[in-house]
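Below you'll find the structures, each written out as structure tokens.
Shared between the two complexes below is chain A, which has chain B as its partner in the first and chain C in the second.
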Partner chain A sequence: MNKTWWVKPEDLDEDQKSIIELPLKGSHLILGPPGSGKTNLLLLRADYYTKAGKPDLYILVFTRTLREFLVMGGIEYNFSKDKIMTDINWVKNILWQNGIEPIEKNDFETMRTSLFEQLSELIDRGNISHIHDVILLDEAHDYSEQELSIFRKYCNILFAVADPKQRIYKKNNSVEYLKSIISNTHILKYHYRNGREICKLADELGKKIEFYEPMTPTSNYNEAAMPSSVNYFECEDMEEQAQKIIKSLKTQIKAYPNELLGVITPRHEELNEIWKYISSSELGKISVFQSSRKGYCSFDTGQQICVCSLHSAKGLEFRTLHIAGAEYLKNFARQKSMSFTGITRAKTSLSVYSVGNLPGYLEGAFTALNPPSELPKLSDLFRKGK
Partner chain B sequence: MDEARARYLYEQLKNNKVGDWTIIDYIDHGKSAVVFEGRKGKKHAAIKIFDPELIDKVGKEKQRGRVERELSLIGKHHDNLIDILDGGICKNTGFIFIVMKLFNGKNLSKVLKEIPNYNIKLIIHQISEAAQFLENLSIAHRDIKPENIGISKDFKHAVLLDLGVIKPVGGLANLTDGPNSRPFIGTLRYSSPEFLFREEPDTKEGWRALTFYQLGAVLHDLIMKTPIFEKYSEPFARLVEAVKNVTPQTKSKDVPIELVQLTRNCLVKDPEVRLKIVSWQDFNFKSSLVTEVSAIKERICQRKLIGKMESSAKKPSSIEREKYKEDRMKYQLYNLIEKIIVDECVSSGCFPPLEIKSIEKNNDLYFFIQFGKSDELKLPGYFRIYIAISIIDLKSNTIELKYFATISYNNVDVAKIEGHYKPLYKGVADKEYLKKSISTILYRLIEQAQEDFIFEGEGQHPKSIPDFVQEVILNNDLDKG
Partner chain C sequence: MWLKKGTRKDFLEILGGNQSKIIGGVREVNNLSSEIPILDEVYFVWEFDPQSNPSLPVLLILPDGQLKDFLAWASTFFPGYRPITAYCRIIEWKTANRLQLKNRIPQTHGLEKACTGVIIAEALSQYSQQVDPQYISPFECTSTYSYCMTRSLFLDYLDEDIDYITNRWAKARNITKQSDRKLNHKSMRDIWIVIRALSQRNKSFYIGNSDTRLAHLIEACSQIIKFGEITNYTWTELVFGSNELAELRNEMKGTKEQRVLCIERSLSSSSYKKLNDLSQSFLFGYLVSLVSIGSMEHLNLIWPYVDRYPTAMLWYGLCAGLYGKIDMLSEFKGLGHRLIRDLNMPESTIFGRPRADIAIDELEVLFTGDTPSEDFRKGSKNYLLVEISPGISTSLAWPEKGKSYQKEMSTGHIKPETYEDLLMELGFLIKRMNEIYGNLSSHTDTRNKISKQQRGRRKN
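Let's turn to the complex of A and B:
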């Protein structure tokens, strides 16, 4: 897909260039806001290691969707897709190689925990069969200390990219831990993905997140080329949300050809329902459904619309993004970080839909972005209807 | 018309005929007309003759139109409204005249102090009936005041006189109002604020609001025994100010409380509120056979409404509302300028990535723009631009922008905004012009920064630039542009 991956050196800023060419020796931790090029740098740095004589490496990602997304970028740079793996598959591979049957569980979190426990036991027995040259970790902020310490043991060099603002899984403060096991920290200041309106919305949300660094001051998104927008729609039901989304997607596929457009939901229930509407519409044949329960598809150039859960959308980016069923954000722990992650997946246009009220902090962020031009009068509060 | 002129006219017309009426006695005179007693056969009547001087002023057509309006009331009788009998232009004398039933009584304005309090209800009830009668004919009197009310010698029968400035509601024929102007008519002292400024809507409700106000003013005079706003009579501007802003004190222990309350309600400045709290029934005191508690409750509610209107203007909440509105306007202006700066830098490819921060200080807003290092753009250090925005006048969106720029090898995190600012823009904020002014400065500055860095790179920087570790102010003189 266009405009997602850098195609020539001039596309990178000085900070980004310097990261690709960091010394080969030693581990590196790259911290940066959404859209600062972290994932792209990961791919280019992996290619750099390979070409510099360290080909025994893996890029590990948290979700299958992100893996498919990176594979797509890998094609751009001729980077082997076999070297891009979800961490779970990576753990399973090691277990298999050591004759251990990985435990299968329905719940994603429980399965992860037990797989890493199995691997821990293996390490405790002193059985680290093979140490990689490099492990490159995307979204490293989402791993637990235990998981990170395991990765560290399995490689000579750990190259991790992270954004402390984006933790959406219940883990302790992994970024602090990363800093303690990786000696070199580099910061990416500027970011380019998210339109100004989207940055502003994220910043309003960020006011409720501890130690938040606002995004708007360092945004270098080209607003003049593609003006950004955020919208919120309160709907009657899922059908209305689906109809609104389909209607606007029909325009957007024309306005942004060859660009990935996204539809995401916090919960699987709404995800399945919305997929029913989209797959049966004329958009069905250009849409791809990513679900941990129903399987993953690779992104290919014919498929412009990605429908997936908010968790699966981590690390992805969409020219236009529709977040449906946003009222269910309330159900999650770390919901503010999760909302932040969701919002910052959108590059140019973000639309949020809900039945009933949004969580207060999100509704507040929308209002702050477009405050009323006058304060309400006392009498306005007693007027019925609109 | 003054007394002498009135007398002179009487001498002239005495025993002569105006229309079919023989003038036999002098009765009274007002500003624009004189009233005589006339006789036609056995019938006696009041003949009002308009001052020819006034006619010259307003134009004969207009005056005739006004008279015709009055004549349209011929044959329409109400006990409390003076009967119009005849009128027109006298073929012999050329005078414009109106013939009314002779009212055998006194002018209310002259006997205010003699009216027994007990009769106030009756009098105001009767006048309100007359006004309502006119309203039902889709006519607004527009000049109800004690001077225009006749009262019988026993003070029990009141009659609304002088229909000189009556107006059909929503009528097309605009005789008192010009096509493009709405001059003041009627009587200033008894005019409601909205009528004084001619902001009254030309609807039944609009005119009813005026009528209620004027009935209230009559009530005031009846209760207080003195004309409304008497303390403010001179000069003219003071009276205008009073009509607009002063709420007359109506207090009396000698009249029923509901009468005082009705007066206050009628005299509420805001016509919309007035219409909410006064109705025709309020003048029909017979119907107020409600229980005392509910009557009190109603009065308290009405007072509350008035109190609300009166206090809202001075409330801190209204000050806050105003401030909020201003802040919003400011914020939008700042946003516009920030967007112009960022859009230009990000989209042109001539600038390194930037970070923009703002600080508000002493009512001014400062933008602090720091660009990243870029070898490609020959900027091996940091290049910063400071832009200060002062709002000169928010209402007209008039602003002043100033700037200065620096280069250094140090990364300054805290924006320090003191500096030698140079003018960038002054005037009403126009998006296109702002864009042009700001981008000109941006490009000149970045080029200057490049040149200064290159200069330094060659090791021959001028003495005015110190070690180059310090921040150096870009010494380009851009204010010529």
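Let's turn to the complex of A and C:
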């Protein structure tokens, strides 16, 4: 997937260059919309620290899928892929190093809380054995204040990237807290990932999100070179969704060679079912399944299609994205932010599928994109049943 | 430059280290056009004054008809300088006159992307199944016909006779018994006529092309350079008035998925099938170039049809490289940049020292007779760089006979200069193995039909 990562100077805009040029010392917080290059800058910054003699660093991410995704990009750089970890594994490592058995629990959120509490107690006892040169934190908006304060204590330099609009895990506003513990904040204004149609859909959705800033005016996406599209399909069942997705992917792998294409679902039930269809199709051999329940795989260069949950897709980007089982978005807390995060994973082509109705805010956003050409006539309203 | 009119005896003195004996007749000249050797004369040319800086001449000019005889003589009597054309260029006067002896600075004519596109496409087209262009080496590219044609174009040698370089390239491969290429150089001739015409946009050749099929293609490519697209009139000419095909260009403005579907649909249309081979290949290559303007990332669309439209990949490379601004040279790990670096090398102008292992004329002489004389010094153990015309070389696979790397490898000491050769050789072998593996894999079913008794059966 060599087109996902930029490593050439000519690929950077002025805002991004100013972040590359930041001096080695000091902690920094980078804020920017989806597709503004935050994660790429994070990797470049890690590369810079490594080459400048600060190899004791960790790049911490929220999900395992994102970790595998970054490992793919990290191939271009000088630091070891072992430096990219999920925050959970990082905490567990420290606990083990200090002779503490990490608490294992089935529920992800409960386990996170317990592990960070264990680490917090260790710190309170004054038993920090080693402080890293640098911690680089991706998707920093999804951490709690307690977690962020622990990261801060465990490094000399904290380099974090965040976007409050994409917060889907924690309820508190951690970005404000980040600003209080990191003295230098930098803002990336422009974004490059999402095509015009996807920005328009995101903006329609964003109208329902607090403090939302529209994406369309700050988009530097090259629409002429890569026309974007957004489609919604109401289907009879999951099989119909899967068949539509497979048919579309067969064309997309030809249209977008060497680019990562995604299939995501809000719930694990639909994810497993979709994977069943894709893995048994001719696309199976070029697809990778990322699941917290069934395990994670590294992104191989030959595997062009990633199938994962919407939560796992956080921080990832796909040239084309299919969101199946979208009717279940309404089952989640912070569902609008989740929907926003989901659709902004798509760069050029977004297809959303559901059985039955979408959540109203999402349906409304689609309708606003493609309004009916003319209002229905009075006679049309009474025609049904005749 | 400095000239000495002499004989073979003088050359003997020069090679014997007795330059002082012949220095007397050396004089500085501004041009060589009026210097015509006769009878047994040999003209020796130096770039710098040999009286202050004794060295071998860089160029020897012989009377017409004496080249083979002279090379036979030199290779017989000076084995320590074999091949002599590795040290100085030796040409007949008619060749010197044809080349208009002068230092030539390579010029790309604005066609560097188009030419590298064609070179890479030709290198890829030698494979029997889809390969990742990332792993195409510059070496593979330097062996292509298109590489030599590009170098000729950049040095302005293509003006007169396109077949001169074509024949010399083919001859080099024939003499050294290189394996047949999937894409014959004759089938690429049309593409090079078009490219040559594009380089001569202000010259009469461009206006006066009498082959209407090629004239349309030249016009179309010229319009891509100028306007970024083909005009309606030319497009209609290209598709022979077919309404169905005329509509294609508009459909190619949709999303990339729509463009791909449009191409697949058009290939199976009856209107397309009615076109001649040249038009089919060009249109296919051009349409694919529209999927992602200025890029060669959609080779995957051509691979399934490469046997049906063998030159479509080259037309794709050409069309993709005609669009301005876009940095196609950076694709495939910067392969295009690397090729342009080599194609623009100024060192092999006529008055510089040759860089190749041997000139084709001497190669021909050494390979004449019952037992070809293959035992001469080369720059690499695995390939031979042959100069087919001054400043224009092609590389040929040429593993050294009767030797292996086994001994060298087992000592654990590999010379740094050998690494690259070994890697190149290894790369070739791996690619070949993959190719064979792919072919065999496709016959798995057949293999499974072989009975277990037959598999691995021992001879009694």
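Rule of thumb we're sticking to: the second predicted complex is superposed on the first by the 383 of 386 C-alpha atoms of A that agree within 3 Å, B and C clash if a C-alpha of one lies under 4 Å from a C-alpha of the other, contacts with A are read in each partner's own complex, and residues count from 1 in each chain.
In the analysis below, a residue touches a chain if its C-beta (ideal position, glycine included) is under 8 Å from a C-beta of that chain, and two chains touch if they have at least 3 such contacts.
Everything quoted here is computed from the prediction, not taken from an experiment.
Undergrad: So, on chain A, is it clash or fit between chain B and chain C?
TA: With chain A aligned, chain B clears chain C, so fit.
Undergrad: According to the stated criteria, A:80 is in contact with first (chain B), second (chain C), both, or neither; which is it?
TA: So A:80 meets neither chain B nor chain C here.
Undergrad: Tell me which partner A:228 touches in the superposition: chain B (first), chain C (second), both or neither.
TA: second
Undergrad: Using the superposed model, give me the angle at chain A's CA centre between the CA centres of chain B and chain C, as a multiple of 10 °.
TA: 90
Undergrad: May I ask you to decide whether A:280 touches chain B, chain C, both, or neither, giving the answer as first, second, both or neither?
TA: Neither partner.
Undergrad: Let me test your reading of the model: by the given contact rule, A:373 touches which partner, first (chain B), second (chain C), both or neither?
TA: A:373 contacts chain B only, not chain C.
Undergrad: Of the two partner chains, chain B (first) and chain C (second), which one does A:217 touch, if any: first, second, both, or neither?
TA: Touch status of A:217: first partner only.
Undergrad: Considering only touches as defined above, state whether A:255 meets chain B (first), chain C (second), both or neither.
TA: A:255 contacts chain C only, not chain B.
Undergrad: Let me test your reading of the model: by the given contact rule, A:183 touches which partner, first (chain B), second (chain C), both or neither?
TA: A:183 contacts neither chain B nor chain C.
Undergrad: Closest pair of CA atoms, one in chain B and one in chain C, after superposing: how far apart in Å?
TA: 8
Undergrad: Per the definitions at the top, what is the overlap between the chain A residues touching chain B and those touching chain C?
TA: Residues common to the chain A contacts of chain C and of chain B are 10, 225, listed in rising order.
Undergrad: Mind pulling up the chain C residues that touch chain A in the complex?
TA: Per the touch definition, chain C meets chain A at residues 134, 253-257, 259-261, 291-293, 297-298, 300-301, 327, 330.
Undergrad: Please name which positions on chain A make contact with chain B in the complex.
TA: Chain A reaches chain B through residues 10, 13-15, 189-190, 196, 217-225, 371, 373-375.
Undergrad: Quick one: in the complex, what on chain B touches chain A?
TA: Residue list for chain B touching chain A: 320-321, 324-325, 328, 339, 342-344, 346-347, 352-357, 372-376.
Undergrad: Please give the residue numbers of chain A that touch chain C in the complex, ascending.
TA: 2, 8, 10, 225-229, 248, 251-252, 254-258, 320, 348-349
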